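Structures for review follow.
In the two complexes that follow, chain A is the common piece, with chain B as its partner first and chain C second.
Up next, the complex of A and B:
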């Protein structure tokens, strides 16, 4: 029953959007009525989504999708998250989020009515495309042809609280760019005043903040669930989320500097189209099964071709409009040797080069395989050697950008900054010299600290400290940059100064980690609701009274016959001690311990960046 | 000049879409990378039996018969999953020569594994240092190769075999 409701509401919602699309040409109606239709179709799409969720919650195995991806033994939270833990459901989630964005956009006040309507019509067009994709190739409401009373279970690796919320948040970013895309295209068609830029700014900030959160959650999950001790692997799925993120960052910065210059407006339109195109391209790469990862649920050529078609239509349409309808002429760009505008332009160029570099590395294997029938993989070494050096000058500029002036070459308080930079460099050099010197470590630490220091100086020297929302908004760019600085320190330390220790141990053995004695207490196996767990229990720092217990091990999921590794992590503010339990051989357990310095700084930095995103969105 | 700049994204889009489309239509499976060895002669190898180190198998010993070569190890969980299928193959195709290569495994572990789960192979060759796997270009265990009577590799599969793969891809070649 719920499946029927879900399917019908999905189809009716697509029908309404089709009607709205036609309304531009045939049936014209009032704004009020138009907005009501948009909201109604959004609610229907949500109804469809919640019907599917309901089928998951009550374990309705007469729905084929539920049968394939759920199990009655699963805890409730994974029944709910199971709704989007599969291809069909996640595409429905995608469509629902698209609807939510249209829904809220229809409430935007103080903008030109026909502009708002055109934006929503483009959203309707996207809704139709993705809706048809779901109905024809990925219908989550198919009826199970056999009678069963048990399902096949959710991929165990996805049964994790962080991962339960990762897709909705990530999609909030990906799909959020659809509204930015629609706004930009509508802006091109209408060629009105610059009002749309301010609307676009708000939505691009929202999307970027969601995307940041989604990527960070995925990355944090990889850190503790995959058990490899790292948090970023330059995996194709990570790359395709990073591309719209960097392009989105460029977009947000461009929107900040817009002062009615034509060149910048063009650039903003280009970035708006690019962000959403990259999001759809990412969806295509993952869903078509061209890239294998935990995200490619099922490879199906017809789906791949359908999404490729959507990608081609959306991107082609976007860039074609961009080609034919240039923004109207206005002021020239105020570029000086070193002012805010030129710094932002350089940073934008660097970000786009970084995005293209990642794009090349991601699609290169596909091109090579088509041309030479050979499989190659492009991994960490390529990206580390190309992307990081491209970003470094950008980071340098970022540290001083907030103190540059818009109109002149003057740098306020330049002496103070030069002095601070020299002192800091010497300090970091001395610190690096006494620890084992590493060029990347030195560069990363210097950059990170310098960005934090410069931004802090800027806050304290330029403004009177007050605690109110207006003040928070004024210093917001600096705060965002402090977040980046903190993240850079975390990234540098955890990758360059990571330390690895290997042990072969019997139960009861003691060993030394980081100067502290650790006891390998015992191995314990237990039966949980839907898995069996094997845990090695470790007591860290047993010489102290308050020794800390760490559990590392594996879970075995009998339904899907899969083993997942569960790293044991002791979080301290300045380092994570990361335990991985390996296999047993000759009665000895292989235990790997990684010491990851300052990992927590990465997450802290990300949280600060997201906070800044939210503050920037909030109204004055 | 300006036009060319604006046209670039469209050209890039077209190139990406064409390559992706060709890739999709060619029916390539990311789990099955193209093998440089396909339709080439089986690599030259020499390996002693797991049970009797004097019993040696060489490339020329598998000439003139269809051979299924399977790389496995006792520590490899997916190998355990596909293991029962070899008994099916054994039963259905008694003519087919089943050659197992035990990869980087202590012989005691390997023997115990084959004792517990049964030994479907006609010959179990030892590849303790992984050199034979290297010659075959093994990516990860398990991996299975079908060799025809002329000693050419006609099929390769990475990962655990399934009934579907056996029925749809291997049986037509037998």
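Up next, the complex of A and C:
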């Protein structure tokens, strides 16, 4: 029953959008009515999504999708999040989020009515395209043709709280760019004034903040779930999310420097189209199964071709409008060698090159396979050695860019900065001399600390300190950059100075990690609701009274006959101690311990960046 | 510095950035790309002893051998040829005999491949054996299921 409701409301919502699209040219609606129709179709799409969720919650196995991806003895949270733990459900989530964005956009006040309507019409077109995609290739409401009273279960790897939050937030970012895309296209068509730039700024900041959160959550999930001790693997699925993120960052920065220059307006439109194209392209690459990845989602060629078609329609349409329509009114770009505009131009160039580098590395295997019929894989070192050097000048630039002037070549307090930089370099050099010297470590630490230091100096020497929203908005660029600096320190330390220790242990053995004695207490097996768990229990720092307990082990899921690793992580502010329980022979267990210094700084940096995104969105 | 000169400087700087990016890409693409082969392809190829490659195939049945809790021996096969692999470390959770796996590493001599990384394929479409049988019996078997 719920499947029927879901399917019907999905189809009616598509129908309404189709009707709206036609009505613009055939009938004339009052604005009020038009917005009502948009909101109604959004609510119907959400209804459709919630009926699928309902089918999951009550374990309605007459729905084929539920039968394939759920099991009645799963905990409730995984029944709910299982809704989007599969291809069909996740595409419905995608469409629902698209609707939510249209819904909220229809409430925007103080903007030109016809501009708002045009934006929503373009959103409707996207809704129709993705809606048809769901109905024809990935319908989550198919009826199960056999009578069963039990489902096949959700992939155990996905049975994790990460599934509940990571996809919806990540999609908030991907799909958020749809509204930026629609705004940019509508802006080109209407071409009245620069109003659309301010609207675009708000929505691109929202999308970027969501995308940042989504990527960070995904990488934190990978960090504790995959049990490899790393949080970023340059895997195609990760690269795909990173590309719109960097392009979106370029977009957000470009929107800051709009002062009526035509060249920049054109560039903004280009970036808006690019961000959404990259999002759709990412979906195509992931869903078509062309790329092999550790995340590897189910692949189906017909879906891939359909999404590829949508990609060509969206990108082709976008760039065609971009070429045919020119933004009006122009001021020449005032490029001095050292001013804010130049810094932002260079920053944008670097970001776009970085995006292209990642794109090239990600699709290079496909190109080689088509041309030479050879299969290759491009490893992490390629990305590390190309993307990072390209970004380094950008990182240097961002430390001082916010205090550069818009018009002149002058930098205030330049001596202070030079002095601070020299002192800092010497300090970092001394520090790295006492640790093992490592070029990447030296460069990363210097950059990270320099960005933090320069931004802090800028905050304290350029403005009067006050505690109110206006002040927070003024120093916001510096705060965002401090977040980046902190993240760079975390990234550098956790990757360059990671320490790996291997042990072969019997129960009751003591061993030394990082100067502290650890006791391998025992192996314990227990039965949970839908899995059996095997845990190695460790007591960290037993010489102290308050020793910490760490559990690392595996879960065995009988429904799917699968095993998942559960790393045991002891979080400290300056390091994570990461335990992985390996295999055993004759009761001797293999235990790998990784010491990851300053991982927490990465998440702290990300949180500061997201905070800055929110502050920038908020009204004065 | 005149405005025009400054603008020229900026454009030159941009060109230098783009050029160095291209050089970086070309250089790194040569160094950090590993080729992917199947075991039977390797027989006909001349692969240097320490060239880093990837091999994809199935873990041969009854070939898995635990030497200690952290070192393993097994064979990767594509049913025409098979290769003996040694590995030190922790095998992925999905690794088992008869399942697909990709290994990355180098040949230590002509016959033994030392894997530095082992990947087992994650997939959301798996099927519990009991239901698989049931589906086969009732004729609702779909080839997509493994």
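Here are some notes:
The rule is simple: the second predicted complex is superposed on the first by the 613 of 620 C-alpha atoms of A that agree within 3 Å, B and C clash if a C-alpha of one lies under 4 Å from a C-alpha of the other, contacts with A are read in each partner's own complex, and residues count from 1 in each chain.
Just so we're on the same page, contacts are C-beta pairs under 8 Å (C-beta built on N, C-alpha and C of every residue); 3 or more make two chains touch, one makes a residue touch a chain.
Just so it is clear, the structure is predicted and the values come from calculations on it, not from any experiment.
Taken together in the superposed arrangement on chain A, chain B and chain C clash. More residues of chain A lie in contact with C than with the other chain of the pair chain B and chain C.
When both complexes are overlaid on chain A, the residue A:563 reaches chain B and chain C alike.
Shared-chain residue A:323: touches chain B; no touch with chain C. Within the superposed three-chain model, A:350 lies in touch with chain C and out of touch with chain B [touch as defined at top]. When the shared chain is aligned, chain C comes close enough to touch A:502, but chain B does not.
In the superposition on chain A, A:281 makes contact with chain B only, while chain C stays out of contact range. By the touch criterion defined above, A:305 reaches chain B but does not reach chain C.
Contacts of A:367 after superposition: chain B is touched, whereas chain C is not reached. Once chain A of one complex is fitted onto chain A of the other, the partner contacts of A:315 are limited to chain B, with no touch recorded for chain C. Contact with both chain B and chain C is seen for A:375 once the two complexes are overlaid on the shared chain.
Once the complexes are superposed on chain A, the part of chain C occupying the same space as chain B corresponds, among 7-15, 25-33 or 61-69, to 61-69. Looking at chain A, you'll find residues 292, 296, 374-375, 561, 563, 583 touch chain B in one structure and chain C in the other. On the chain A side of its complex with chain B, the touching residues are 270, 273-274, 277, 281, 284, 288-292, 296, 299, 301, 304-305, 308, 311-312, 315-316, 319-320, 322-323, 363, 366-367, 369-370, 373-375, 561, 563, 583. Every residue of chain A that touches chain C in the complex is listed here, in rising order: 68-69, 85-87, 145-146, 150, 152-153, 155, 157-158, 227, 292, 294-298, 335-337, 342, 345-346, 349-350, 353, 357, 360-361, 364, 374-379, 381-382, 385-386, 389-390, 393, 409, 502, 504, 554, 559-565, 580, 582-585, 588-590, 592. In the complex of the two chains, the chain C residues touching chain A come out as 1, 3, 6-7, 9-10, 13-14, 17-18, 20-21, 24-25, 28-29, 31-37, 54, 66, 68-70, 72, 89-91, 93-94, 102, 104, 119, 121-129, 131, 135, 138, 140. By the touch rule above, chain B contacts chain A in their complex via residues 3, 6-7, 9-10, 13, 16-17, 19-31, 33-34, 36, 75, 77, 81.
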